[in-house]
Amino acid sequence: MKKYVIIGNSAAAIGAVQGIRSVDKDGTITIITDEAYHTYSRPLISYWLEGKVTDEKIYYREPDFYEKNNVMTMFSTRAEKIENGFVVLDNGGKVQYDKLLIATGSKPFVPPMKGLDEVEDKFTFMTWDSAKAIREKVTDGTKVLIIGAGLIGLKCAEALYHLNADITVVDLADRILPSILDVRAGEIMQKHIEQKGTKFILGASVEQFSKNSAKLTNGDTVDFDILVVAVGVRPNTELVSEAGGKVEKGIITDLHQQTTIENVYAAGDCTVSHDCSSDTDKILALLPNAFMQGEVAGKNMAGEETLYLNAIPMNAIGFYGLHIITAGSYNGDADITEDADKEIYKKLVFRDGLLKGFILMGDVARAGIYTSMIREQIPLTDVDFELLREKPQMMMFGKARREEKLAGITH
Amino acid sequence: MLEKEGQVRIPAGCAISGFISRDGNRICGDKIVKSISYMHDRSNGLGGGFAGYGIYPEYKDQYAFHIFYDSNESRVETERFLDRHFDVVNLSRIPTKKHPRITNEPLIWRYFVTPLPTKLAASQLDEREFVAQCVININDRINGAYVFSSGKNMGVFKAVGYPEDVGEFYRLDEYAGYAWTAHGRYPTNTPGWWGGAHPFALLDYTIVHNGEISSYDANRRYIEMYGYKCNLLTDTEVITYIFDFLNRKQKLSFEDIAKIIAAPFWSEIDSGKFSESEKQKLKYFRNVFSSLLITGPFSIILGFDGGLMALNDRLKLRSMVAAEKDDMVYLASEECAIRAICPVVDRIWSPRGGEPIIVKLNEKK
Amino acid sequence: MALNYFQPLFDVIRDKDRCIKCQACARQCANEVHRYDGDLDKMISNSQQCVDCQRCVCICPTSALKIVDNPNKFRNNSNWSQQTMTEVYKQAETGGVLLSAMGNPKEYPVYWDKILLNASQVTNPPIDPLREPMETKVFLGKKPKDVTFNEDGSVNTETTPTLELSTPIMFSAMSYGSISRNAHESLARAATELGIFYNTGEGGLHKDFYQYGANTIVQVASGRFGVFKDYLETGAAIEIKMGQGAKPGIGGHLPGAKILEDVSRTRMIPMGTDAISPAPHHDIYSIEDLRQLVLSLKEATEYKKPVIVKIAAVHNVAAIASGIARSGADIIAIDGYRGGTGAAPTRIRDNVGIPIELALASVDQRLRDEGIRNEVSVVVAGSIRSSSDVVKAIALGADACYIGTAALLALGCHLCRSCQTGKCNWGIATQRPDLVKRLNPNIGYERLVNLVHAWDHEIKEMMGGMGINSVEALRGNRLMLRGIGLNEKELEILGIQHAGQ
Amino acid sequence: MKKVYVNEDWCLACHLCEYYCAAANSGAENMIKAFANGNKPIPRIRVEEGSGINFAVQCRHCDVPLCVKSCITGALSVKDGVISCDESRCVGCYTCVLACPYGCIVTSESSKVISKCDLCMKNNNGDPACVKGCPNKAIVLEER
């Protein structure tokens, strides 16, 4: 009977449990997590904060998930290091493993800022606990300053908007959501959010904090009741690096999700993935990616050889009711259609005869058909280009490919 | 007034019996009368009859015509016809005995004849065909005359009445033959006409039959294409003609005839139990002679020169029992009719539907 | 024209409480009767174009539609019916010959409905087809006059070529062109599964269907469309079409609009040209010419295929049949005046020919009287509507029946009799690809198989009731029939007695 | 496992599958009620129409279900091969829309959450209304 140990309890960890159990029903699985909760969905914390998701529904898997999958859990326990086939715990204990998965995710990055220490109510927005902490401080009209106009900052802003907070978002960049949107899409989204009353101060950073206000580099001063710092995240790679494993931007793994240390695997936000749309290595901090990497890792740990391929950056997210779906890379020839009045924006990016990336805003229906074009690297010559441009539709594929996809006929 | 045979089709139930001595021993006619009498309840007094084979050894080379006449006029006309076509060697009334339950008898005459050679030659027919056509002619054309027996060294005796009474009436105890068949009739709606009683005969073929064939009109309309006239509209008549057609004209063996009129089902033909050549033959018969398949219930005993054949419809919807004792073979609707004349048998069995029993005289050593 | 002399035949009735405006009716009507009006948010109907094909009624998911006769009527007149008057108006407007499709719909007597079947009681047991074997296999073709024997004395079992049918039903000739490819495929596959035959009609045989050749009768008609060596050799039998019940004495005319690529290739005529079948075969002006064609076709196919000669039932049909029986043909097909068509002049369809029942009875009797009934098998067509019609036809003397209209009904036809327009909403009598695809042959063939299985089962039930367990004992067994309400002459021709006799 | 397959040769673009689907999943007892009072229940199947080619598209119930793997809430799950959505757990993030290669996750203005085909497991015990309602067997439920 194999002993599987998983450090972490989020999507990659759960993916690994499911991956292991699809192969090995008998081995023992131990999950070690420094959080105190049954596995919950990290992206749901903004929905929870907003009140849209209750305590019961924030869980990523049903309550009996661990029992059903015969998983032993060690909540509120921190793994300190990996040593000779053991995981050393913060409580001094040791857990032996045959196969170990590092699914430690990432942690908020808080850059050094002058006067930050003086701010009493300052938060990051990464865990349920952090959301709970914010929730306690926010009431109608609470003035919130959010540093960072990225995904986390704006998801937090949206939640707080529903709680009737008075929100100002400051970012050093001159546009919002630069990691997923181009300039134009950013503008539309910014306008959309601003119409709801949330203020942006872009191209500026904090020069100096005092207890309830921040003096910005552009000269403005923003008063706040609470501060949320959401400028970025850093992967939790220490366990691997300290044990001698290779770490660059994140933990380096092979396509089996194995680290450079034997019997030690890694998956999720703490790892580096290969983005096949841009042919570059990067951290793809996305829940689907984490789950699938975890699942692949789990299968390999249990002995079924599986590769993790075709990873691409992709995001489905909405702010203040306006949906965005994006995927791939935006480096290439762009085909853009826009109907600003309806807040509809569509950008398709082509390179090397392939669809490489897209941004859909407003009308996101059936976006996965585009995603599959990128992931499966279907040549544009295989599809009706005009139909592709018109909207995501199966009709754009040739009859043979349609039959393969829809009629179960393999050619 | 009720219509008689030939005016209307009359279904009938019946009893049949027959036996043969394979060694050719001549057996007195009282025996067949006794046998059929044991199935009294299967008849209703509206018809009975017998066929005896080997009964006219002294005239074995002549055709023996037994003819019913309604009147002397029809007799005169018929005899004129006979004289034109045949050399009449002997003619007489058939001897009968008055019987209280046998009434309304027609004139019953017997002629021993040979075709006139000149007429026969002119007809370009073989002798039996010539005789058959003459018989059909008389029956079809001469009002009030009816040839009811026309074979060599054999004879049919029939009447309206219970068969045992008919046997007494015709004084069958005075005849002896190597094979006999008998019939008791249970027609459902006839006044009873003497010609309509069984056996039905053409040349030496006689049929006694129990049943009602559902294929009648299909069979009739087919066989009538070949010069037969089914004047009586009875099953027995059409079956006799079918035997005559297939045996005498098509030269098919009685075994093969059974494969036509009681053909195996396709499921049986295709079941693999037959050899390929046999399968081909069965298929051929069912194709070529499809209109001679007889359906509906029947059990028949065919008498012919030198033998008897018994056959049931392929579903065996009518009873039929067979038995053997030494050189004797017995066939009857019911076992009692056999036990009555042969209480201890060597073997007794119930033939399967469509499975013919063909008994022929042993070759003379 | 601002003045409509005649009114639409039908009214489209839409139950607004039931209609959900799904527009299925609008999408399915090739005659563009239904339309969704977005401004009004309403379904609108144009009855003028409705042919009462019932497609919309059948497809409506809420049963919101009914097509009814337009109650508007001209003043009553027992002599000048509204239809007669309407036809005069139409001809006054167009100057053209009236065209119609499918069979003669007039109120002539239907003899099948005046003939009753027998059943066994007491003296003869009925047979239960669920318990006992019940046989419907038939062979079509010439029977040898006499049995011959091989040298070893065994029976020589060789015969001239025959068709073996699992049940005495075949699908009538309907050409590719007059009906769709999918209709043909349905018929071909059904015939193959059923062990019977379908008939190409006069339009040749599509290459894709050569695989069903063993169950295909290939037709040679006066236009000789698509006739060549491979075609003749592919079929199980060859049918010479001399006439058609719906239009005796008339040829055919398939408009160029229906001669699309596949039809053109199959018929071997240029795309878009009219396919005109002459009224006569121009090489057959007499019976001896027919004999030559029969023998030519046999020669061309090495005497391996039976030859069928199909004629329309006309007044002297018995004499004609007798001639055909002596022509070397193996099978005579007779098509009665109610037989269907893809298009025929209305006056011809409705006024020429005789009923198949009478034609069959006289042909069968005539051939028997002449002693040549075994020279040929007789197949009848021309509105065989049910298994009881089949049973009656066989008892009258037919070897088998052709069904055309009934087969089309199985495929969805609702007898709107508008085949000539080429806009068949059921995908049958059309070449428009969007309409053709409405007939999915996977469904079509199954429905045909179901129909014939059902009829076969019913035939067995009826035979069993009569105490007959094989169809050959039914053939020509006219005693199993009685007339009802027929006069002496009709009974005499049919060769049956009246009920009660 | 039996799945719904498309045969585009036979799709007539009558769109009845959409209506049968919408009605079946509307909770109304019949189609008339489902569409009464201007209601427009959302179908989980959609017909794509092209020139001479039409076909219906609905969830393929993939063996490797990207939607389920991508779901951030656990609302999507596979049971006996059938992928279904627990709409009470869906937050409408549309990650599944992003992931589904067939475009079979249905979004609508009126609903904040997604809906998808579950082979009529919930409303008709796995006897899909679209297949039953298709007049031409253009969609079939088959083991392949």
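The letters A, B, C and D name the chains in turn, as written, and every chain counts its residues from 1.
As a working rule, a residue touches a chain if its C-beta (ideal position, glycine included) is under 8 Å from a C-beta of that chain, and two chains touch if they have at least 3 such contacts.
Just so we're clear, the structure is a prediction, and the values are computed from it rather than from any experiment.
A.B. asks: Between B-C and C-D, which chain pair shares more contacting C-beta pairs?
C.D. replies: If we tally the contacting C-beta pairs, B-C comes out ahead.
A.B. asks: Starting from the mean Cα coordinates of chain A and chain C, work out the distance between those two points in Å.
C.D. replies: Distance between chain centres: 69 Å.
A.B. asks: If you average the CA atoms of chain B and of chain C, how many Å lie between those two points?
C.D. replies: 47
A.B. asks: Centroid of chain B to centroid of chain D, CA atoms only: how many Å?
C.D. replies: That pair's centroid distance is 78 Å.
A.B. asks: Where the centres are mean C-alpha positions, what is the separation of chain C from chain D, in Å?
C.D. replies: Here chain C and chain D have centroids separated by 43 Å.
A.B. asks: Touching pairs of chains, all of them, please.
C.D. replies: A-D, B-C, C-D
A.B. asks: Using the touch definition up top, name the residues of chain B that touch chain C in the complex.
C.D. replies: So the residues of chain B in touch with chain C come to 9, 11-13, 188, 211-212, 214-219, 221-222, 224-226, 249-252, 256, 263, 265-267, 277, 280-281, 283-291, 293-297, 314-315, 317.
A.B. asks: Where on chain C is chain B touching in the complex?
C.D. replies: Chain C residues touching chain B: 120, 123-125, 127, 132-133, 135, 137-139, 143-144, 146-147, 149, 154-155, 157, 159, 162, 368, 371, 373-374, 397, 466-470, 472-480.
A.B. asks: For the complex, give me every residue of chain D touching chain A.
C.D. replies: 3, 5-8, 48-50, 53, 55, 57, 60, 66-67, 69-70, 72-74, 88-89, 91-105, 107, 144
A.B. asks: Hey, which residues of chain C end up touching chain D in the complex?
C.D. replies: Touching chain D from chain C are residues 17-18, 20-24, 27-28, 58-59, 61-62, 433-434, 437-438, 440, 442-443.
A.B. asks: Quick check: in the complex, which residue numbers of chain D touch chain C?
C.D. replies: It is residues 9-16, 19-20, 23, 31-32, 34-35, 52, 133, 135-138 of chain D that touch chain C.
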